[in-house]
């Protein structure tokens, strides 16, 4: 029975995504086009990357409260240093990935609660971002802008990018030995250590991957918005956590799914759009976001019911 | 030094150090004023922190993100109900607590009935509650009754009234957590929900009551904050999301649940206020100030880990 | 044992190992040598130090005094060098990653073995390993471990320990491997151990089921209070002699003056199931659940508990108590002391105006420590400082403490030593005589003879009901395997 | 003729009284306009949190919905440029106000925030020729408006060197945050003669000064009704004098008319400037009368006002 409930967890974001997309198409048939899909989804690409970053942290039973601030920092660096002096910008971004890995090391060695450390780091990243860009500004490097606005034939960039990202992350998480060890650490750290693996390395790698995807998220964001500000991505902390959970992940136990996380991120992004097509009173537009989130997750109940009926039959 | 092994010790040490550094800037002239301000503002953090602590104690993934919205709705609606009339203070307070109760019930309803993970359930509900707060009076600030405004900004024997209220609540929370059966049950659930269930704990009842208690404290905090700052504002709870979580975890409670402590909440709430005051006092700009805040938080947690944290026996 | 083996140099030996945990002396001068081609049976009461010795042998604990000599060299001894020697360990507490598939766990456990296309290799390895030890196991190697029953998880772990992954296994240490296996699967394992030993491998087998040890081991070492008290070839022991060496006395197991309640009694509860017979329990009855492991007994107990235990408001008097089988998952509360673990189920009766009366709590905890023999110098110590069997005793005591009229027991004596088992049988008997009802699932068929009524489970349903003198190993086995016609047995 | 044109308001935040007043003004002015058939629709859209990315997504949705013009209060002057460019490319008129965007294809109805900061110091120089210590309350770090006003204040201090900024805190444009920050830094500050602010934080500052028992400095107010009310009480009690300055929320209605005019084919320069709304000692009572309790002092614009503004710019 369990494997099929796993399947349900995986199916949930796709069902939700499909339902929302259906709703959007029904409200606004114009969205059912190449340009329409691109407009609907292109801002979901950075969210998907941030969600994957968060997923690596959740895979080792930690939680990153600094993800939004970090993506904002990466965006500020991209819009300034990477644009003006690419080598320096690249170096800073690499260093920030290294900082992430170092955080993993410190958290592991000192057995610190990751939530507190990342809470502290959220101030650090935000402070750095404010120092780089005291007022919004900067500009996206040309190549990045080109990359994020490219119009591949047949499939909108946003969807193609999401697919590619999901696939790449899936290979790392589910197919590679590293991914297995990272999830193993989330599932049962002691037994991984007893089998002779270095849990330290595994955790550092998970954090480094999170840092990498966080940087990519910041870069993708700047590519879309053409410039940055320090507060640009603060929402991503909660969005990324919600995306991982929506995508079938769990807070403890190393149960995560890369494909699910990307689908979860797309769902969350689409939920916002769906609302603006509904033309609610501004008073309730915020509340409706909550209602959609609840509805999407309540789908799980329906799926469970179907599953149970099938199991009984 | 056994006190150093207490999980809450480091929040207090950090508070004292930061306090000393801040008053050093004025050669001690500001000592009393700063302490009074710190206790006043820490009180709000403590009140929401106590509630958040019980929820976090319930185990991994349990956290209440609806605190800010609950504060806002409770503050807005109760001030609207009182409409500045001293006679309406009690109904106003009752309404604030009732709103908290309602939000808590809904939170757990979503968690239990729809099986939504708490972090998302409370986040989603908070959007709805926030909308309700906007809808009720579109952000118009209504003044609190004179008597309440005077009470919430007043002091007793030099101690801010709010700090006294928060202090009393702290004592109650300590008794609940450390001495009551309910606290035992919350802590048991936080270590292992299935084990607690098989040991006969009525897990739904206990979890529900923790969420309701948390939301009620948020409602109370919103009520007091609105009275204190001269009216409810739509964004008045925003800061308290991070603060409520931070005071719990910096105060030495385990984020994985099942192991919490009350004294650390005061230490951490004072610390969070004083650290900003210290950096403001020394004239740091926004960027460096935030960076230093973050580094200091990490340093505190690191120092605590280097000295080794004792486990709470029992 | 083959006579010339004494002359061969030992594969691994410890000499005069001493280890203390605070006030507890877990090992008090243990010397032991392991030779190729032998199966060493290691027995002893709960908390005798067996698991600790295992941890010394496998390099995860270093003794405070004494040393470990591997292949004749006394060098550094840690987990890595132990693995390099070909040492494999199956721990008392399951140690797979529950979120990974069986194949992925194989990847984790055999670190250096796999190439870049490891997924297919790991699947093959896991499948072959399971087939070798447990033919007809029916376990999907691509299933998540969490989706497997406890017994299946244990089977996976054992099979993977014996697996040939590059470096062959030379020494396999099994700490209570059969505690959650039923007799048939346990038999498969014991047969495999014999084959492995015959091929020159070494096995250390720890078990509280003495018949297994007697039948499988070539040599038996008895531990008591951190010391080796006997070390002789297996054939020089008898069951009674072994029990005596452990410091207990064997007693007649069969319940005297059994309630022959086969007639129409008013049941305390009836649990109807989708198929098969309803399970009836009357006050003062001990009802056994038997059959092969994983055939719905645990699920039935859980369903019954879910039905009777309050979810929202706990009354003062609990209606039902539960002894968990999977103690790591739904038994112990790992951050708490032994005392708090004991009293959690009885808080309502220990409280005054909602506050816990800590004196009364300490008193009742002490009472049960004495009654059930929990080996610990201080009940304020963390629960995890207890040996596995002693943790189980705490869970058992917790359920009795609740003063519920009905006690559900999911293989409650898993890992409990023979001496203690006798005491617990006495307690169950006394409590049943005082009017409590017990529903008792056990993987050990012999224990069913202590019951008033036994339901045999097959494929998720109770297929036979045996009462009184009809309860026998033969009848239970017959019902476990036979077709539905035995349903009329009641 | 714009009777078949549809205009959308894209707003990034609704969590304070200023934004609520802005939305209310939009509603009161556009509804009659729609009823009179001047435009076909004028819908308001608001995102949950103050987030540029969400607003960018919102603009993209408005493009999909085929609006003819988008009136925009932007979360960031630059981060929406990508979305704004896409709107322009789709032939949509984009008019930004308050939070303006730098994308050249959009229109801007700007307030000279720098000047708004500078006049505060100028006013103080007039009142306190001998100068003294100032406390600066800033807004939200990293946001354009905060940076601009602060820069203006610092220009003012350069111009009037008798003033020094003795302390600077971030009040996030929220009463309670400002109160908290000021209370934290106040004990360590020397005597303060004036408080320069950004709006929405003056009352909190006054509360903090009162609580600390410090002499009340000249606090520049930000047009909120509770600030004006407090000022009036002080004025009646002890002749307290100050000024109040902020941008009027009704500027959204100006942006609406400008968008309508552009759709109507009128030539409108890309950059329009609106004056900020200043309240002085003399206009205090009048303003207080027209400002709803708990709201913000406001002016709403008519079509004629808009035409006048456009002609003025031309």
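The letters A, B, C and D name the chains in turn, as written, and every chain counts its residues from 1.
The rule is simple: a residue touches a chain if its C-beta (ideal position, glycine included) is under 8 Å from a C-beta of that chain, and two chains touch if they have at least 3 such contacts.
This one's a predicted model, so the numbers in the text were calculated from it and none came from an experiment.
**Student:** Which chain is most remote from chain C in terms of Cα centres?
**Tutor:** Between chain C and every other chain, the largest centroid distance is to D.
**Student:** Mind checking the centre-to-centre distance between chain C and chain D? Centres are C-alpha means, answer in whole Å.
**Tutor:** Spacing between the chain centres: roughly 71 Å.
**Student:** Nearest whole angstrom, what separates the Cα centre of chain B from the Cα centre of chain D?
**Tutor:** 32
**Student:** Roughly how many whole angstrom separate the Cα centroids of chain A and chain C?
**Tutor:** Whole-Å distance between the two chain centres: 43.
**Student:** Out of chain D, which residues touch more than one other chain, so two or more?
**Tutor:** 14, 23, 48, 141-142
**Student:** At least two other chains touched by the same residue of chain A: list those residues.
**Tutor:** Within chain A, residues 126, 129-130, 134, 283, 285-286, 289 contact more than one other chain.
**Student:** Which residues of chain C are in contact with two or more other chains?
**Tutor:** none
**Student:** Should the pattern of chain-chain touching be classed as line, ring, star, complete or other?
**Tutor:** Graph shape, chains as nodes and touching pairs as edges: none of the named types, so other.
**Student:** By the document's touch rule, what are all the touching chain pairs in this structure?
**Tutor:** All chain pairs meeting the touch criterion are A-B, A-C, A-D, B-C, B-D.
**Student:** Please give the residue numbers of chain A that touch chain B in the complex, ascending.
**Tutor:** By the definition above, chain A touches chain B via 61, 63, 106, 110-117, 119-131, 134, 238, 241-242, 245-246, 250-252, 283-291, 293-294, 297-298, 300-301.
**Student:** Would you pull the chain B residues touching chain D in the complex into a rising list?
**Tutor:** These residues of chain B touch chain D: 22-23, 25-26, 29-34, 37-38, 40-41, 127, 130, 134, 137-143, 153, 225, 228-231, 233-236, 238-239, 273-274, 276-277, 280-281, 283, 285-287, 290.
**Student:** Please output the residues of chain A touching chain C within their complex, sorted ascending.
**Tutor:** Where chain A meets chain C, its residues are 1-3, 6, 175, 177, 180-181, 183-184, 186-188, 190-197, 253-255.
**Student:** Mind pulling up the chain D residues that touch chain A in the complex?
**Tutor:** Residues in contact with chain A: 11, 14, 23, 43-54, 56-58, 60-66, 76-83, 85-86, 140-144, 146-148.
**Student:** Under the definition above, what is the set of chain D residues touching chain B in their complex?
**Tutor:** 14-17, 19-21, 23-24, 48, 138, 141-142, 167-170, 172, 174-177, 179-181, 183-188, 203-204, 207-208, 210-212, 224-226, 229, 292-295
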